[in-house]
Amino acid sequence: MAEVFRLPIQIRFAHCDPAGIVFYPRYFELINGVVEDWCAQGLGMSFHEMHVVKDIGLPTVHIETDFVKTSILGDQLTAELRVLKLGRASVTVEIKMLGPQQDLRLRAELVLVMAHVEQRKAIAFPEILREQMQKYVVA
Amino acid sequence: MAEVFRLPIQIRFAHCDPAGIVFYPRYFELINGVVEDWCAQGLGMSFHEMHVVKDIGLPTVHIETDFVKTSILGDQLTAELRVLKLGRASVTVEIKMLGPQQDLRLRAELVLVMAHVEQRKAIAFPEILREQMQKYVVA
Amino acid sequence: MAEVFRLPIQIRFAHCDPAGIVFYPRYFELINGVVEDWCAQGLGMSFHEMHVVKDIGLPTVHIETDFVKTSILGDQLTAELRVLKLGRASVTVEIKMLGPQQDLRLRAELVLVMAHVEQRKAIAFPEILREQMQKYVVA
Amino acid sequence: MAEVFRLPIQIRFAHCDPAGIVFYPRYFELINGVVEDWCAQGLGMSFHEMHVVKDIGLPTVHIETDFVKTSILGDQLTAELRVLKLGRASVTVEIKMLGPQQDLRLRAELVLVMAHVEQRKAIAFPEILREQMQKYVVA
């Protein structure tokens, strides 16, 4: 049974637009934060370790998102991350954000690529990272 | 022949991340700005008129994006917007960002829905807006 | 003895600039989040209750900030909020952010004004809010 | 007679909050953009040249701001930058944002320091930069 990485998300004033709902570019900051915390807490390799220590990164090369239902100031959401596909140097993850009644607010699918920052080229995942990612692969 | 809405985009310090390239959520702020300026300059109805005067808006319900090539601090890009599909209350637009050599940096496809903000429901496009959008529909 | 409102702050990838340190406008988003959580958790009146239910808000009319020491990706900071001065319709708060060794990263002083959003004018604090703020006033 | 660096500022949807006015951290992104364009257009040394080519930067170590009057979606502002004080490695600038009727929206005073990014220490301004800054010093 695949693991699911879950993270609480608080919709803040800073996320909301003049219509009183989340301005969608802010959702992508939150989505990036989910990936960031997944790496640190779920995979055991923080963005700090990647970027500052190892000079590697996990840029997003493709993302598609359905904004199913709006969220407003003060909403307490839950993010869920699953791995849909794991390759040698890229991983496809699904991120959902759910409301308090488990109602779907958005569903995103991202392709992330392991890259050497300085050289700006894709590299294979470090084995330790790949092994951890494996646990989140949906059957 | 369909019109193309073009806009210069300056990659600023505020857009860039520790890897020295555009942090992808910032691209969505820029993409939203392209839609915003298209409405004001290309369609003749500004976000101010929509949101403040008419209480209508154009929320994004779906977006998919390929980040083809990275952009760095100081890059001068050109955004291009075309209409792929025009419905009664929704419109599918394609936005490309191109580098100085016309090299593709990203391609996004967005579905925008005309909505009444207060009532939070989709409504048909005002006829004047729909007519203007028609000019940008790709054959 | 005055209470101090404390909040953990995680420096994320989204906060950092090409120099690898926090881009200072992001600090102000974090500072706004400290005020937001202070209202909800420290004073018992959330921004949601203010903005969505009561149509009141707490805009910042003055802020001054010393950026004493830089913060980098992954830093775990602690924010501290104290009230320096409490008026009829305005409050002066001090917010500090400290590193893991209690080293000062920044110190900000903000003047916040209670305002009716629709009417765009200052109003006296609701008594219940003012009473709670009183607890955080530094002697 | 000192020169004044002026820049048009368009208040976008992305800048505005649920109260329909500019969310103040966004003003600091705009203020940073004014400094950025001043360096490139007013001083002849872009942030790209500083950060990417020379590995130097101009971090903000102090900022104080009065938010005098709110701005809303669609407002066309003008930013004005003047130099109040020019030191060996630091410069104090004043930035004002004005509405269409020259009404003051905000006034900020920033202390910027010339720094070597990699070494994280202050350095004297390159002479060519200092000479250009001199033109903007208010008598």
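Structural remarks
In order of appearance the chains are A, B, C and D, and numbering begins at 1 in each one.
In the analysis below, contacts are C-beta pairs under 8 Å (C-beta built on N, C-alpha and C of every residue); 3 or more make two chains touch, one makes a residue touch a chain.
Labels paired with UniProt names: A, B, C, D = Acyl-CoA thioesterase.
What you see is a predicted model; the values in this text were computed from it and never measured.
For the interfaces A-C and A-B, the C-beta contact count is higher for A-B.
Ranked by how far their CA centres sit from the centre of chain C (Acyl-CoA thioesterase), the chains are topped by B. Both chain B (Acyl-CoA thioesterase) and chain C (Acyl-CoA thioesterase) derive from one sequence, and where they touch, over half of the residue numbers involved are common to the two copies.
With centres taken as mean Cα positions, chain C (Acyl-CoA thioesterase) sits 28 Å from chain A (Acyl-CoA thioesterase). Averaged C-alpha coordinates put the centre of chain B (Acyl-CoA thioesterase) at 34 Å from the centre of chain C (Acyl-CoA thioesterase). Chain geometry summary: the mean Cα position of chain A (Acyl-CoA thioesterase) and that of chain B (Acyl-CoA thioesterase) are 24 Å apart.
Counting partners per residue, chain A (Acyl-CoA thioesterase) has 13-14, 18, 20, 23, 25, 29, 32, 51, 73 as the residues that reach two or more other chains.
Contact topology of the protein chains: fully connected, every pair of chains touching. Against chain D (Acyl-CoA thioesterase), in their complex, chain A (Acyl-CoA thioesterase) makes its touches with residues 13-14, 16-18, 20, 23, 25, 73. Put simply, chain C (Acyl-CoA thioesterase) touches chain A (Acyl-CoA thioesterase) in their complex at residues 12-14, 20, 29, 32-33, 36, 46-49, 51-52, 72-74. Remark: chain A (Acyl-CoA thioesterase) residues 18-19, 21, 23-26, 28-29, 31-32, 51, 57, 59-67, 70, 117, 120 touch chain B (Acyl-CoA thioesterase) in the complex.
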